[in-house]
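One structure follows; several queries about it will come next.
A, B, C, D and E are the chain letters, set down in written order, and residue numbers restart from 1 in every chain.
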Amino acid sequence: MNVKLRPEKYLKYLYLPNLFGTTRTKEILSVNPTLVPERREATEIFVSVYDYNGDNVEESHLNNVSDALRYRDSKKISWINIDGLRKADVELVCTHFGIHPLIMEDILSVDQRPKMDEVEGIMYCLLNMLYFNNTKKTVETEQISIVLGPDFVISFQEDASRDAFDSIRSKMKIAKSQVRQRTADYLMYGMLDLIVDNYFIVMESLGEQIEGLEEEVVRKSNTRSLARINQLRKEMIILKRNIAPVRDLVGGIIRSESELLDDRTTKYFKDVYDHIVQAFDLSENYRDVMMSMQDLYVSNVNLRLNEVMKVMTIVTCLLAPATVIGGIFGMNFDIIPYAHHQWGFYFAVAGMLLVPLVMLYIFKRRGWF
Amino acid sequence: MNVKLRPEKYLKYLYLPNLFGTTRTKEILSVNPTLVPERREATEIFVSVYDYNGDNVEESHLNNVSDALRYRDSKKISWINIDGLRKADVELVCTHFGIHPLIMEDILSVDQRPKMDEVEGIMYCLLNMLYFNNTKKTVETEQISIVLGPDFVISFQEDASRDAFDSIRSKMKIAKSQVRQRTADYLMYGMLDLIVDNYFIVMESLGEQIEGLEEEVVRKSNTRSLARINQLRKEMIILKRNIAPVRDLVGGIIRSESELLDDRTTKYFKDVYDHIVQAFDLSENYRDVMMSMQDLYVSNVNLRLNEVMKVMTIVTCLLAPATVIGGIFGMNFDIIPYAHHQWGFYFAVAGMLLVPLVMLYIFKRRGWF
Amino acid sequence: MNVKLRPEKYLKYLYLPNLFGTTRTKEILSVNPTLVPERREATEIFVSVYDYNGDNVEESHLNNVSDALRYRDSKKISWINIDGLRKADVELVCTHFGIHPLIMEDILSVDQRPKMDEVEGIMYCLLNMLYFNNTKKTVETEQISIVLGPDFVISFQEDASRDAFDSIRSKMKIAKSQVRQRTADYLMYGMLDLIVDNYFIVMESLGEQIEGLEEEVVRKSNTRSLARINQLRKEMIILKRNIAPVRDLVGGIIRSESELLDDRTTKYFKDVYDHIVQAFDLSENYRDVMMSMQDLYVSNVNLRLNEVMKVMTIVTCLLAPATVIGGIFGMNFDIIPYAHHQWGFYFAVAGMLLVPLVMLYIFKRRGWF
Amino acid sequence: MNVKLRPEKYLKYLYLPNLFGTTRTKEILSVNPTLVPERREATEIFVSVYDYNGDNVEESHLNNVSDALRYRDSKKISWINIDGLRKADVELVCTHFGIHPLIMEDILSVDQRPKMDEVEGIMYCLLNMLYFNNTKKTVETEQISIVLGPDFVISFQEDASRDAFDSIRSKMKIAKSQVRQRTADYLMYGMLDLIVDNYFIVMESLGEQIEGLEEEVVRKSNTRSLARINQLRKEMIILKRNIAPVRDLVGGIIRSESELLDDRTTKYFKDVYDHIVQAFDLSENYRDVMMSMQDLYVSNVNLRLNEVMKVMTIVTCLLAPATVIGGIFGMNFDIIPYAHHQWGFYFAVAGMLLVPLVMLYIFKRRGWF
Amino acid sequence: MNVKLRPEKYLKYLYLPNLFGTTRTKEILSVNPTLVPERREATEIFVSVYDYNGDNVEESHLNNVSDALRYRDSKKISWINIDGLRKADVELVCTHFGIHPLIMEDILSVDQRPKMDEVEGIMYCLLNMLYFNNTKKTVETEQISIVLGPDFVISFQEDASRDAFDSIRSKMKIAKSQVRQRTADYLMYGMLDLIVDNYFIVMESLGEQIEGLEEEVVRKSNTRSLARINQLRKEMIILKRNIAPVRDLVGGIIRSESELLDDRTTKYFKDVYDHIVQAFDLSENYRDVMMSMQDLYVSNVNLRLNEVMKVMTIVTCLLAPATVIGGIFGMNFDIIPYAHHQWGFYFAVAGMLLVPLVMLYIFKRRGWF
């Protein structure tokens, strides 16, 4: 018996669910946006404020939100960015800036679908920043809320440890940059643009995974490649879930006739819209490639099965006559032709070799190799 | 022969249809909303009335509907909740409160599709509360009718033994709660919100089933996992059937320009709409995961078949030459080379071992292990 | 050879196309609505007339249409129902009641798609009554035309031997029934409602078929279950073909601003619309269940193949070493170890048994049983 | 070896691509509507003119288009039908009748998608007459252009050897026929009606093919049935490509508010629209039946594989013990039990028969037959 | 052992990913339109200017853009074509001609989705010229930007080494050509028409690939055909990605009520629209054919597996009895019937031949050949 019982084999069976990412399934499926209490209070919170206009900018970094409230009355545009979500803080800010309780609930919610809302002169966008975790090979999300008022923008980020808006900050320091020269809605545009652009970066990482996987599937189709196909399909679900509604979100902003939006900014939102549509198209392409890979996997497994069957057939066919001939001359009859002949044995063995050769020739002609 | 005839095996074949939930199929397919007489009269009936405004609330629990009729003329908002449906009761209530006969028919109907209607100044919503039965692993439905009039809300629940609106009742007791402060349509919103939120809880339970099943499919793909995939697909049908039309229902309320709806309540209905859209999206994700699992199951079965074929091929190939060699030297010829040699037997056996080793080497190089 | 040549087997091959319902395919595919002459003249014709209003009703049963023409000038609402279609009769009636030649053509047509039309103050509906033939297990259709004029309704039924409108007739006799109290369009509503309700009854019968088939597929997946899956898919096509356009038909009536329709009747048509939408949803569910069953069938066939392969592998593996050992000691060498030993034979046989036992143990541990 | 090398076998491999209709693929795929020069000049050309009104009709058959030009100024309606397309002729006619150069290009184009256009008071329809070629079993197309002016209709047919409009010609001769009594647009309706009606005839022929193929697939699923399934799928593509855009074409005519269209003709175009919608629905049904047949084919092939595997397993299992028993008593030990016994041989053979019988019994109980 | 270890075999495994075009996957998936800096500066740049009206045309070929700027003020229509993109050049031109910075960004972008924009009196189209690379068998794209102003058209082409607009240049030289006689928008139409027409040429090349592949799949279905199916599916994605948005682009131009568009040009754009719709339809047909081929491939592989299994079964069945008979008479019992008979050996061998013949007859009757 040539089957080895290596210990890794047993471990493999133990690790299988892990390999197939079944815990990831839990994360995908158990979404419940209506349960507010699930959100854990952030342990740290970082507040940064940019109070700016075309002429000057005042930058301050605070450790609590109450110091940021006074910017409501500044004559300049105020961008208050809050990294880390705590219920009390959000309530304080929302009450002070006149933000409707329903929006407040959305800011604090977990696993929300991206959405845009306009309530009582305040525009609200909720969407997710995506990151690709290279270790776990998964798409991670960070919920981001953007509140646009007449002369302020308040952005809430879920995770205090990473910040999405650095490139906007560097533009803030340049007086001639568009963001300094224009109204608050342009700042919101800048944020949306940055988030949407990030989708492409995440998709690029996913694309690399798909590409590597395709090479693996082509070379050898085993349980591990099946597991990876399965995993990537789950990440696709996460991706699609985040990109598709953002299209409606940006479309909603363009169609909205809010007074918060400057006419000159509209074409910038249209630009974001073009990008998100392309991101959506691209995610469809990803799906097509994944489908094609799944088909490839199945076809490959079948082809291999076929090859195995071919070998079996050939071996069976080639050796069967030899066995029969051996059996014939092994019978215990008194009179067996050529039994006492000098070359009898060699004739029989020659027959055993000749028959398979003839069969090989026939198989070749039938195109079985 | 190594095949055991265990009694469980026979039982398994008897229980198969049960395992695959074929009776569930009957429940799914034989829906007939037009046959009113099918509904069985409730044996028990519980009526609870909340007659409330911002200042005070009068709570009463009755055992028949006729005592509830007098609330029609109260100056406050009356919420009459009727657990358990009896034809006579429903007719009595509908006639007294001026509810159109067609709505009355819908309240009494069975297996209706969720729908919203507005007839003669009365708004009517029919939808299903979903429960996940953890024993049978099925999604159960309870039909709920909500009738909204100018200053009353009447809710009908099919099943007297379970009640869906407890959390609203507790809010009723708090004078400052929104539901007490606002008009009757806010109460209807509260009910819809509760029902839609419940969908997520049911989906979470289903999600756990899917997740557990996925682990099972990954580890071993047998008849039982096939049965469970089949069962879950049926529950998905139930889920989709209940969620998809509710989207139209809530959308219809938002678009409706009924005088029954306060402008301030609209954004709350929009919030419910966001949730039901997300529930729908999520149910699509569930479907994707199920599809992916079905594919995984098939691929796994194929992979296993492949592995079996590989072993067969190898065993056949390895042992076939030995059989042939044995046959060769078992022939009854007078002159067999090495027959009288001292080491003849051992040479032959060595050949029987050597050929398979060479073949093993070749197979390894071809990458068949 | 253990394969029996039972006569039923040969017959089975002869009956195969019948089993798979290939003649049914012909009926499904060769639809040609433009060929009027195909319709065979009815041999019998039954005409029933109800001339009614809220106060009294005159019922008459005639054997030719000419006697019915005089009801055109009655002051009451006339419902003329014609069972059995003859070209001359239809032309006579249409000319007399001022019905456009194109409608006349539609009444006489065969295999028409359900449609609604309004020409010169006459509303026309063509749709199919469905019946489930329990013997052939097929869905049968009977084309029904309903012509609505200002104070008359003329209904044409294809098949004189069965009548669809009995329940309306019984309501006709009750003076207080809605149909007597209201205008002619309510009578048309009653007919449509009856036909749509009947769809659910047909679907229920189909559902029973599906359910029984599912049980069969679960227990044993053979040619016969394949044939039945195939047959049911064809009935699904018939069903969908009849239900889908009726949705547009009823929707068209609701949107139509015809003077023939009383405002108070609209909500009844909306009720029919709800039902037809639900019938359509349900037919989609049927399709899902069928798809799921087809997958189940394929998976089951695969699982069985797998089981067979497993047995083959095991038998082959277990017996192969025994054959080799037998071959080894069957070789005709002079010096064979243990050949002259007292227990030599038993040692060899013991080896033949021991090796398979070791292999069995290994297979068990690899989880192949 | 029992495999025969019949010459037809080799021929079969040579004819395979032909059998699968791979040249047909070329025709389907290499459509290029923008290359005008591809059209070959017709060698023959037939021109027929009907100059008619309700009172009289003048019929003339010409061999060149220039003689037809004078009908432009006739007071009656002129129908000029040109069988066979030559660039010079088309240009001559178009210039004379004031038809825009873009329409002229469309008339001369090849493989155009059916379309409707209205340019400068001229309505233009391009669509394909379909024929089913019973020899090649393919759907053939003939491009037909219909130009409608205020009092003329010019029809261009690609193929001079077949003519599509004979039935209209016979109606032309009857003074009381609708086509004679009405305006030019009615003549165009007549043509469209005829072409659409022809789709049903082609579909009927295709349906017969499908039906015959289904019977073949049911009886035996071999390479030839696979080839025919493949071929029919290609014809479906041709069919769908021609029917789908005609729906838009006729819909466009109905919606068009052209002065060329008489109000009384609209309902006739609606009738054509009903027919083309039904043709489209039917082609969807065809697709469903084809899908179902493809599934049937695959299932059938699998079932057969399964049956083969079953026989293999059984034969292998049944004969293996006999081989082992033979091997046991064939060993060359001195002491073999029962070797010298009178019935030894018969006991062994009896054992060889008994073991398979026990195995057969077990297999039967496991339900493997 | 009949398996050869040819060196090409090993090389085949090395080249597999190349064969399957996995690097192509990278190109398809890693699209990121938001990263402007990725574009490499063109090393060469060719500028050609046609300053024309109906009377005369001035043609000049320049090596830098600055010389072209002066044409802004010419009274004639100026067509400036720039082959090769450099950031500085594009900025210079855009600033001089008053083109919005967002358009400038789009011109410089990489991997953009085709789009149409109208900003501040300038119409902008971005789309891709497609080429079929016959060596690599891939679809290549060249991004083309067309800027339409009141009396100028500026076209930017990505690749200086190939030029798409030669046929327009030759028409430029003919004073009576439409392009010379009409306004600037007609020139843009000409360009779009040329690009769309080119899609058909690319599709034709792809069609030839598909057709050749189909023949290969029909004859022999191996790893190479699987690889080619996979590759072609990727090219289909590229094709679809480029054609689908162009439909919206041209539709947008037609619906746009820009003053840049002459009423007389609209019908030409409609013509382009017809072509792009047909290209889209055709690409759908391509997809159908590819799907059908994939199914064909799988069916073919299955059929072949089936044939192999059939041969195995037959060989196994036919030779098994011979082996058993050989074993029976090879047993070392003292008393073996016919052992000492003169014809004993020949009877046994005759039995070995007879049993297979009977089996063959049975198999034939069961229809297994």
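Basically, contacts are C-beta pairs under 8 Å (C-beta built on N, C-alpha and C of every residue); 3 or more make two chains touch, one makes a residue touch a chain.
None of these values were measured; they are calculated from a predicted model.
**Student:** Answer with same or different: of all residue numbers used at the interface between chain A and chain B, are over half used by both copies?
**Tutor:** different
**Student:** Go ahead and align chain A to its copy chain E using Cα positions, then give the rotation in degrees, nearest 5.
**Tutor:** 70
**Student:** When the centre of a chain is set as the mean of its C-alpha atoms, what distance in Å lies between chain C and chain E?
**Tutor:** 42
**Student:** Measure off the straight-line distance from the CA centroid of chain B to the CA centroid of chain C, and report it in whole Å.
**Tutor:** Between these chains, centre-to-centre, one finds 26 Å.
**Student:** If I count partner chains per residue in chain A, which residues reach a count of at least 2?
**Tutor:** Within chain A, residues 3, 13, 302, 305, 309, 311-312, 315-317, 323, 326-327, 330-332, 336, 367 contact more than one other chain.
**Student:** Given the complex with chain C, which residues does chain D contribute to the contact?
**Tutor:** Its residues touching chain C are 196-197, 200-201, 203-204, 206-208, 210-211, 214-215, 218-219, 267-268, 270-271, 274-275, 277-278, 281-282, 285-286, 288-289, 292, 295-296, 299-300, 302-303, 305-306, 309-318, 320-321, 323-324, 326-328, 330-337, 356, 360, 367-368.
**Student:** Looking at the complex, which residues from chain B come into contact with chain C?
**Tutor:** 2-3, 13, 16-17, 19-20, 22-23, 25-26, 28-35, 100, 102, 112-113, 115, 117, 119, 220, 222-223, 226-227, 230, 233-234, 237, 241, 245, 294, 297-298, 301-302, 304-305, 308-309, 311-312, 315-316, 319, 322-323, 325-327, 329-332, 336, 338-342, 344-345, 348-349, 352
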